[in-house]
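Going in written order, the chains are labelled A, B, C and D, and every chain counts its residues from 1.
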Amino acid sequence: MLVVMSSHATPEQIDQVCQAIQRMKLTPHPMPGPTRTAIGITGNNSAIDARSLEVLPGVEDLVRVTKPFKLASREMHEADTYVRLPRTTIGPGTFTVIAGPCSVENEDMILRSAEFLREQGVNLLRAGAFKPRTSPYAFQGLGEEGLEILAKARQKTGIGIVTELMDTENADAVEEVADIIQIGTRNMQNFSLLKRVGLARKPVLLKRGMAATLEEWLMAAEYIMAGGNYNVILCERGVRTFSDHSRNTLDLSVVPPAKALSHLPILVDPSHGTGKRDYVPAMALASLAAGAHGLLIEVHPEPDRAMSDGAQSLDFAGFTRLLTSLRQLAAPLGRTIN
Amino acid sequence: MLVVMSSHATPEQIDQVCQAIQRMKLTPHPMPGPTRTAIGITGNNSAIDARSLEVLPGVEDLVRVTKPFKLASREMHEADTYVRLPRTTIGPGTFTVIAGPCSVENEDMILRSAEFLREQGVNLLRAGAFKPRTSPYAFQGLGEEGLEILAKARQKTGIGIVTELMDTENADAVEEVADIIQIGTRNMQNFSLLKRVGLARKPVLLKRGMAATLEEWLMAAEYIMAGGNYNVILCERGVRTFSDHSRNTLDLSVVPPAKALSHLPILVDPSHGTGKRDYVPAMALASLAAGAHGLLIEVHPEPDRAMSDGAQSLDFAGFTRLLTSLRQLAAPLGRTIN
Amino acid sequence: MLVVMSSHATPEQIDQVCQAIQRMKLTPHPMPGPTRTAIGITGNNSAIDARSLEVLPGVEDLVRVTKPFKLASREMHEADTYVRLPRTTIGPGTFTVIAGPCSVENEDMILRSAEFLREQGVNLLRAGAFKPRTSPYAFQGLGEEGLEILAKARQKTGIGIVTELMDTENADAVEEVADIIQIGTRNMQNFSLLKRVGLARKPVLLKRGMAATLEEWLMAAEYIMAGGNYNVILCERGVRTFSDHSRNTLDLSVVPPAKALSHLPILVDPSHGTGKRDYVPAMALASLAAGAHGLLIEVHPEPDRAMSDGAQSLDFAGFTRLLTSLRQLAAPLGRTIN
Amino acid sequence: MLVVMSSHATPEQIDQVCQAIQRMKLTPHPMPGPTRTAIGITGNNSAIDARSLEVLPGVEDLVRVTKPFKLASREMHEADTYVRLPRTTIGPGTFTVIAGPCSVENEDMILRSAEFLREQGVNLLRAGAFKPRTSPYAFQGLGEEGLEILAKARQKTGIGIVTELMDTENADAVEEVADIIQIGTRNMQNFSLLKRVGLARKPVLLKRGMAATLEEWLMAAEYIMAGGNYNVILCERGVRTFSDHSRNTLDLSVVPPAKALSHLPILVDPSHGTGKRDYVPAMALASLAAGAHGLLIEVHPEPDRAMSDGAQSLDFAGFTRLLTSLRQLAAPLGRTIN
C-alpha cells in the first residue's frame, strides 16, 4: 500500500497519516520526493479498509501494491490445481467438455442427453434443477424432482453431474447429487452462499459475475477456499458491456491473466457468452486456442422446443460436429479432450 | 413481440415460425412488406422465452413490444406508491433522508448516531449488522448482536431502522428489527432472497445491481411484489462502467425513466455512488433536483476511524451542513425534507 | 511512478529495472519490503511510456503517482478559469445556458430561435452547420451556408455563437463566425483537430468522448492548452455504458472530481445525455445542483419537425418553464443564470 | 420501423403519428392489438431520424427493423469480399499476418523488421509515421520522414505497407506510400476523414472505435464505401469496459456476428487488445480459431527499448514461435497463413 500526498501537503498532514496507519497496527514509511511525499505501508494490510486513509487532509491518492487474495493466488501457491473427479480431471493438459441442457425439463430428455454425451466421450452433464430466471413468471426449474432425475441419469449412465445451487436451503440436496456444484453469475458475490459451499466436500464451479473484475472473481474464490474447499473451478460466461451484438460480451481475454494470477483451472461458457447458437462453435474453438481448460456448453435434444435458452443450445448433430473440430484443434496444441 | 424475417426468407420458413408461435399458445400475424415479412405476435407472451424463435431458419431479429413487468409498472398501476412507515412516508412531495453508519460497530456509536439524527429531524437510521464484504478477511458485521443494538436504538430514540438482509436464514431476525429491509446491490438477482422478502410484512429497499438495466431492476421488484409485498422502494447506488473517477458511476439519469415506467418510489445513495466524502454533498443535492424521493447516506461520528466505508461517510458537522442545503433547495422545488 | 516487483524477483532483476529507469534519464529508488521490493521513480516522467517497464522480468505491476496533465491541472494552476466572452463569462458563481437547435436548418428557424433566446436572457446560441452523423445518408448540415446564417443571427440579435468544428479544413471559417468553437464527442481524441484549435483565438468547448475517462478528457484539454489556447470549457454529454434506459448515461458524478482536479469550467448537455425530451428538465436542474457551470441544451421552434435530434429538443414553452425553474433553484445555491 | 403506441393512446394520437410518418414521405400501417396498437412503417426509412416520432403524444417505443447499412451488409451483397493486394489477398481461406513495430523510430529498425518479416513469409508491415498519443508531450511519430523510411523498406524488401492516416492534410502522402491505409480507433467516427479515404484508391483498414457497437462500426465502413472505395477491412482491437485485467477488452466474440452481418474481412489486433506481451500469443491463436481473417500484431527488434507500446510488442524470437503455432493450428482449420 502506498499513500500519495498532495504537493501542497504540510508536515503535520504527513504526520497525521502516519499516525492513522499506526492505529491500524501497520508501519508507515514516509518517502519524501522532489514535488511530493509518498508513504509506504508494510504489515499485514490485506483486510484493512484502506479507503479511510484516502480522505485524510493532504492525501491525494492511494495505491495498492499487494493482491488481496491469498489462497487463490499463484504467488502463494505456484503449482496448477487439478480438480479430480470420479471419471475425469480438470486442469492443464486436457480440455474438459461439460455439456447438457439449460434446465432439467423431464426424465426422458435428461436420459437421452446423458446417453448421447457418454457415447461421445463426454464425462460431465450440466443441467439445472433450480433456475435463476429474470422473470418471476418464467419456468423456475423442477427443483428436487429435477435433482432426482439427475441422480437417476448419473446412476444409469455413469455421467458426472454439474448443477446449480441457488441458496443455502438446498445445499445439502444439491451436494448429494452433484459431482460439481455450480454457483451462477448472479450469485458470485452472494457471500452467504460462498461460505456454505466452502464447507462442501464437492468441487465448486464459480461463474464470473456479470460485472466482476478478475480480482473480485478471485476474491469470491477466496471466500470458498477460506472455508476449506480448495477445489474451485473458474468459469467465464460473458460480462455486461455496451456491446449489443451478442447477449453478453464473452471476455476470452481474461483467460491468460487468470492463469497468470491464479493456479485454479478456468472454463468458458460460450453459450451464455454469445446467446446465439450460430456463434457458439467459433467461440468454443477460440476458448481452446486461448488456453482455457474446458467448456460449459448447452446442448439440447430439441433446442427449438427447449423451455429455456433454446436459442443458444446446440442440437446433437451440431454438438457432434463441434466435438470433432475440437479434437482436431486440440492435437497441435498438445491437449486432449476429456 | 415482433419477428423480423430475413429478406431471403422462404414462404415455408415464414410458415414454420407461425407454427412455432402457435405451439407457444400465441397468435401469429404475418405482415408482408416490400423487402421482408414481419410477424406480429399477440396473446400473453410475457413469460415465454422468445429467443427460441430467434434461431429458426429465416428469422433475422426479434423485437419485444410489451414490458415484462406488470405489478411494478405504471402502465398497470398509474397512481404513485407511497410507502407508509410509523413516523414518516416515502413518496412524491417529500424527500426522505435515511442516514447512518455503514455498519453497526458498537452500541455507543449507534446510540450517538441515532440521537444526533433525531435531533436533526431524521426519522430513519441506516446501519448494517450483516455486511457483504469483498474479502473474506474483512470485518463481516456484528450479526445478531448488531440487530440487538439497532433494536435498542429504535426503542430509546424512536428512530426507524433500515438494515440489510443477506440471506434467508436471518430473514426472521432482520424482519423483527427492521422498519425497512434492505436488499444489497450484489443480491438484486438473488431470487431466493427476493421471494423470501416478498412474504415479509415490512417494506423492502431494493438496491440496483451493479450491472442491472432498469428493466432487470424492475423485474427484481416484480419478484418481491409477486409474493404479495407491494411496499418496494428502489435505490440507485451507482453502476459499474469504465469510468474511474469515482468508486461507481452514479446513474442519476435513471431517476426520470424509473418514475415514468414505475409507480414505486426511488431513492439515491450518493455515498456508494461516489465513494468519496467530498463528492457526496453535490450528488445529494443533484438527487433532490433530479426528482428522487430521498437519500440513503452514510454518516459516522468519526469517519476516519470507521471499520468500513469511512472514506465515503460524512461526519456530523458535514451532514448538518448538507441538511441545511437540502432544506433550502427543497423549498423552490415544492418538496419537504422528512 | 512506482514499480512493484514480484515476491520471487531476484536481485539481478531488481537491478535490471533500475538500469532501465536510468536509460529513461530518471532516478530509481529501490525500497525493499518484507515480501517484495518496490522501486520509486523520480524525475520528469510524465511523457515516458512506462508500460515498457511492466514487461521486464520480475516486475509485477506498475503504479503511476503523478497526473499526466499539467496546464489543465488545478495542482499546477489553483485559481478557477473564467472564460470571458463579449456578453457573458463562464465560470464559478454563474450558470451559463447555451441553447438552440441541433442543426442550422434554415435562416428563419435560426433567427426565430436567436430572438426568442435573447428575449429570455440567453446570451449564447448553439447550432451546428457541420453535423457528425452516424449514417452517410443522413442530413450532414448546411455547411458554409449554415455558418453565414449564424453570422447573420449574431449580427441581428447580438447573440453569441457556439458551433461545431469537425475538421481542420473548415477551421478558419468556423473560427471566424463562432464565439466558442465546439469539438464533438467523436473528435475528443482527434489530435490533429485539437492541435489546430490550440492555435485558435476563440474559446473551445470540449465535449467528453463517449468512452473517455476524466484523465483522458483532461489530456485532450491539455493538447489544446499546450498549443497556447487556455480558454477551454469542458462539457459532459453522457458516456457509453450497458445502461439502456436513455440514449447515453449522463455522468453527472464527473462534475465534482473534474472541479477538484482541474480549474477549467464544466458544462453539462442533458439533451444528448438523456436523448429524450421528457427527461431533460430534471437532469438540467440536477446539473445546476451538482455544481456544473452551465448547460448546453437543445431547443427547437418545432421539435416534431426537426431535421435531427427532435426527440431530445425542448420547444419554446418547455424551455421557458425550465428557465424559470433554473432561476428559482439558482438563488438558494448562490448562483445566477446568465 | 415499428411505432409502439401506449395502451392509453387515443385514436387521435394514433392518427397524428400516421400523419407524421406521411410527412416523412413514408407509409404507415396501423395494426390494432388487444392491449395496444403498433404502427408499421414501410418505404425507404434508412436515413430518417426516427427518434422524432418517439416524442409524439401516445408513443411508447420505437423499434427499428431494417439495418441502416447497405453497402457493407451481407444481405445486400452476399459474396465475401476479398481485398487483393500486390503480393497477397485478405479474405476467407487464408489468415493474413500484418506485423511490425508500433511506430517508425528510425530507418535501421524498420529495415531490420521488414527483412525479418519477409524471411518469415510475412507480406505486410505495420508501422506508424503519424502516431495518435494520449499526451501532447509524448513522441508523436516521425511524420513525413517516417513515410519515406517506409517507402524505402517497401522498395528494398517488397513488403507491403500498412500505416495510419490521422487527418486529411496528410492523406495524399499516406496514400502514396501505403498499401493499406489504417484508420485508428479514435478516428472511427471522424467522418471527414472517412469521406476522404472513401475517395482513396488504396484499401482501408478500419479499426473499431473503443465504444463502438458493431452497427456503428459497419456504418463507419458504409461512409467509406459510399464514397466509392469498397476495399474495407475491419479490425477489432479491444473495447472499453469496466474490466481492468488488460488494457482493453478484446471482443473476439464480435467476429462471428460481423461475418454474419457483413461480407467484409475482419482482422484482430491482440497487441492493443491485451496491452501485455505475455497475453498476445494466446489471443492470436484464439483469433484464428474464432474465424478472423488475420492479425495486426506488434513486433519490435528490441521491445524493451521501444519508443511506444513496448509492453505489448513481441520480440523476433517470440513472433517466430507464434508464427509456428499459428501454422500448426491453421492446418486442421483448413486455412493457410499468408
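By our rule, contacts are C-beta pairs under 8 Å (C-beta built on N, C-alpha and C of every residue); 3 or more make two chains touch, one makes a residue touch a chain.
From a predicted model like this one, the values you see are computed outputs, not experimental measurements.
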item: Identified repeat of the C-D interface (over half of residue pairs identical), from B-D, A-B or A-D; value: A-B
item: Chain whose average C-alpha position is farthest from chain D's own; value: B
item: B-C or A-C, whichever has more C-beta pairs in contact; value: B-C
item: Distance between chain centroids, defined by C-alpha means - chain A, chain C (Å); value: 38
item: Whole-Å gap separating chain B and chain C, where each centre is the average of the chain's CA atoms; value: 31
item: Chain D, residues touching no fewer than two other chains; value: 211, 239-242, 276, 278
item: Residues of chain D that touch chain C when the two form their complex; value: 20, 23, 46-47, 49, 51-56, 68, 132-139, 166-169, 186-187, 189-193, 195, 209-211, 216, 219, 222-223, 226, 239-240, 275-278, 303-312
item: Residues of chain A that touch chain C when the two form their complex; value: 2, 4, 6-8, 29, 31, 33-36, 38, 40, 42, 61, 63, 65-66, 75, 240-242
item: List of chain C residues in touch with chain B within their complex; value: 211, 213-215, 238-239, 241-246, 249-258, 260, 273-274, 276, 278-279, 282-283, 285-291, 325, 328-329, 331-333
